[in-house]
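You will see two complexes here that share chain A, one where it goes with chain B and one where it goes with chain C.
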Partner chain A sequence: MTRATTTASRRKQVPERATARSHVKRLPIWAQSVLLLVAVLAVWQFVSGRLVDPFYLPAPSEIVTSLWLSAVDGSLWANLWTTLQETMIGFCIGATAALVAGVIFGRSPRVAAVLDPFLVALNATPRVALAPLFVVWFGIGLLSKVILVITMVFFIVFYNTFQGVRSVDATYIRVATVMGASQRQIFRTVILPAATPLIVLGLKLSIPFALIGAVIGEFIASSAGLGFQIKLASNTYDTAGTMAGIFVLMAVAVLIDLALNRLARRILFWQPESAERTTSSTM
Partner chain B sequence: MSISHDEPLIELDGVCRSFGSGETRVDAVRDVDLAIGEGEIVTVVGPSGCGKSSLLNMLACLEHPDRGELRLRGRPAAEADVEIGYVTQSDSLFPWRTLLANVEYPLEIRGVSKAERRERAVAMLARVGLSGFENHLTRQLSGGMRQRGNIARALVYDPDIVLMDEPFGALDAQTRLLQQRQLQAICAEERKTVVFITHDLHEAILLGDRVVVMTARPGSIKMVRDVGLDRPRDLDHIHEEPRFQQLMTELWDALRDEVLRAAPAAATAVAS
Partner chain C sequence: MSTTIPLSRRQALRGMAMLAGLSLAGPVLSSCAGGGTGPDGARRVRLTQAVNSLAYAQNYIAQRAGFYREAGLVVETVVTDGGGPDVQAVLAGSAEFTINDGGQVVTALAGNRRVTAVAATFDRCLVNATISVRAAQRLGIDPSTPLDRKIAALPGLRIGVTAPGALTWQIARYNLVGAGSDPDAATLVALGGGPAVLAALETDQVDVIYISIPFGEEAVNRGIGLTLIDHSAGEDPNLSRFMMEGLWVTPDAMEENGNTVAAMVSALRRSSDFIRTAPSEEIAELLEPDFTNFGREVLLTAVERLKGAVPADARWDATAQATTERVLQTNGLLRPDAPPIASIVDDRFLT
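For the complex of A and B:
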């Protein structure tokens, strides 16, 4: 009783605020997110040029203008295409090699034991430090970026595949053996599907890194790509252009992640929902 | 079906099995002699860690005896042409397959045609009472249903021997009761040779034609008793039968000593 009366009286004290808040709360979550975005952009637009020098913080409208101009003259699409090409080619080669290597390592403990120290050392090497070397070796074109992307992607996919293949529940293998499955059949029908969640996780995790690898490669030395566009803009103190490039990168990463999540949910239809939600944080 | 009934389907002859070597060597199974006839249901009870599972793994040819011999239909296990069904303690249905695809699996690896394996799997699922759940994923099934799915998968390819490693151990008491009832019905229909491992003496007598009591590690056979209760058994009232009670007392006396020997700390607590 007392509790009911206190909440009732509290409600009476702040009627106008409570209704405003409940209006927002009644909106769907995505609409609330959009509302927040609009608010942030509005504050940003207001602050830029009034409280902060637009040289350091260009207004959203300026960034959009810069984007628009590069989209109209076609340079945005050409650069985007270059970066996506580097990312995808590198990703495909790196992931394929990593899958094969991961499976071999997972199936053969001796190979894994012998090569493990080398892999640890290679993986510990910062890939950014290798980038200038790759430019010297492979030129400033597509190849050096693709190689850099491969080194970024390989280890993530490799370790996940290796772990996935190695950690298959022994009971599944025993049951299949007793049922009369051959080694080959066990690999195809038990080990691979059981390892799929970790393999898919590795693939998902590695895509943003593939993008990072391509952009870093372009920063070091290039004549095309989003990284090139961003670097060109920042070299000429064009902060609006720089931020425009960053936003395009962000949008690309988000879109790829969304597409991958959808694909992963399809492949891993048999998994409970919670298991596949762990990845987005690394973006 | 021209098998002479004098020759047992499964023969264990002085079978020993140990793990590790040197000082860390553990004898899991020692000198087990046992012959199991065609169509017989043998239940094995023993304290935990007594090598029951190791014994079953040897019957499944997943492990091999260090000494002694295992013969199936009179031939060494490795060269015997005997199909084995295996139901594990934990749920071992493949989570990436639907229930139907799980039951089809053993037929699939045998190269059975798609139509035939579907037909057989559907029929098998009906027999374990899982009709209507064919397209469910394993995570959408209850523990009892999964274990019945396991049993269906182990029976669908018509194996000669069915090995069960505490299949109902993880289920709650009521579910277990239902599963036991169903298993008895299936066994009566299929006339399979079954080796059933359990830690539950009650279950061992309910389901078995013979009950084997194993000693604490290293596991050897302490006692074998014919159950001698008529089938089909009325699982709800069987515990009222004098024969059941007599067996229960006799087997428990034998088993208790081994359970206490397997857990010395508990033994002293009881003694004081």
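For the complex of A and C:
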């Protein structure tokens, strides 16, 4: 083939590729995500057993089979329920405490200045390293996992709330004061709405950490939970089972995130659509 | 005069990627390669073990008594803090040897994945069950209680083990099945390493612990526990012979580095002979630096138990193999495509 013909055929291919790309771009976002997922799974399925030993990288079909088996025998639901309990209790307590603390610190610069070094130090403590101590202090039951989740969630929500409250434009507060609004009214109608996007961001960011906290707690000491299930599979070289557990965790994180997104859309109904999207995409 | 060759963006990127790959590959490859010969001519090898426990006594003794050095070896021991990575490291070639129990290794084998046992270091289960004094009093159990009554008391108790799937977990479940109970219905709490398991018994968070010696013996010594089932003394006849610990290596490494394997086997056998024949005080003294948390009394008790669990010929007999298979089957861990246990034991280095 001469260079001229090659160039000509390349020129012909370019518009075709461009058309295909524009077709893909015209698909809704969710369809593009599904397309990407299908492509990744197809490549993975092909590679496993052909190029990579399935012992190290089991095929997606094996992972689905493992999930199905654990769903049928009920162990998946029992373990999922345990982990969800730990996660949700820890998340609710941690997030509530962080919201209250964040608002107090945001509204009281003096308190914030005094306690800031302590908070920084506490935040720098590796929670994973504390996990075995929590087991010793709080026992091997639910409590040690809940405490671990609280420590994972607290600082993320706290700093976002704190920042949200602090970043309210002072002009709005002054205008509200001039108009005769009480402190409570200012908080309810000015500060809280302005801080909400950052608070929601903090809550969304902390969800995966809450799950991680629960699972780490289960890794350290447990008799049930997704962490227990993953560790059992891992210790018995059941890589498909291990990955199945990990995928369940990912799915749970995505579902909670979706639920929070819906909630955020309701709470932030006044926010322009573009800004809301930016907030969502940042997460 | 020099000429400059213009590079396209793609070529430049490819070159940069190659350079980055090469710069990363060097350190990674050198860190993966455990073997090699040191400047002193000694052969350097890497050995994995799951935890620090007296179940690996031969390894500690071979290091401390210089048996490895005299065999021309420098052995780096990697403790993986739990079963799994220890075998995987050998399968993946990042370690040459693992000292491991049959139950753990056989679970990993299927298809083309093979490791072979070249020497047995213990042929009796060293995982003992210890009950808290309070639970024992509640259930009316004392050292004279017959075994079947003790096993029958297990269902309904909170049982602490090291990790789900670990040998402690397997043996606890095996005993529960022996009690006619569904092991899935029992509360087996995975607690991590020996100290955590011991702490859980001490704080009454569990009623019984399954742990390799000397942790249970430490509980007895502190007055917080009673030995419930002394597997190390062969109390349970169903577990009197077991593929407890042995030296495992891949068949490829066995063929390619036969001399190194032979040297390892020789050093570990010297350790085994030492355990069988030397006075307990001398053995305990050698082990003490690796087990500083235990008093001499506990170590002496544990050493006495080790003595009866070392096979003189460094082999697992047919009973040990059959028992291991039964334990795996009971726990649903024997893969359908797993090789027969007899086929993964090779005694060519024992002559």
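What we mean here is this: the second predicted complex is superposed on the first by the 237 of 283 C-alpha atoms of A that agree within 3 Å, B and C clash if a C-alpha of one lies under 4 Å from a C-alpha of the other, contacts with A are read in each partner's own complex, and residues count from 1 in each chain.
Note that a residue touches a chain if its C-beta (ideal position, glycine included) is under 8 Å from a C-beta of that chain, and two chains touch if they have at least 3 such contacts.
None of the values given here were measured: they were computed from a predicted structure.
Clash-free side-by-side placement of chain B and chain C is the outcome of superposition onto chain A.
Shared-chain residue A:222: touches chain C; no touch with chain B.
In the superposed three-chain arrangement, the CA centre of chain A forms the vertex of an angle with the CA centres of chain B and chain C, and that angle is 150 degrees when rounded to a multiple of 10. When the shared chain is aligned, chain B comes close enough to touch A:193, but chain C does not.
Of the two partner chains, neither chain B nor chain C is touched by A:22. Using the contact criterion defined above for the overlaid structures, shared-chain residue A:172 touches chain B, although it does not reach chain C. Using the contact criterion defined above for the overlaid structures, shared-chain residue A:181 touches chain B, although it does not reach chain C. Think of it this way: put the two complexes on top of each other by chain A, and the tightest Cα contact between chain B and chain C is 45 Å.
When both complexes are aligned on chain A by C-alpha atoms, no chain A residue touches chain B in the first and chain C in the second. If you check the complex, the residues on chain A that touch chain C are 53, 55, 132, 135-136, 139-140, 220-223, 228, 231-237. Across the complex, chain C meets chain A through its residues 82-84, 87-88, 91, 107-108, 110-113, 163-166, 187-192, 196, 199-200, 203, 205-206, 333. Residue ranges of chain B in contact with chain A, taken from their complex: 57, 60-62, 83-86, 88, 90, 92, 94-97, 105-106, 108-110, 137-139, 153-154, 157, 163. For chain A in complex with chain B, the residues that touch the partner chain are 169, 171-172, 174-182, 185, 189-190, 193-194, 196, 269-272.
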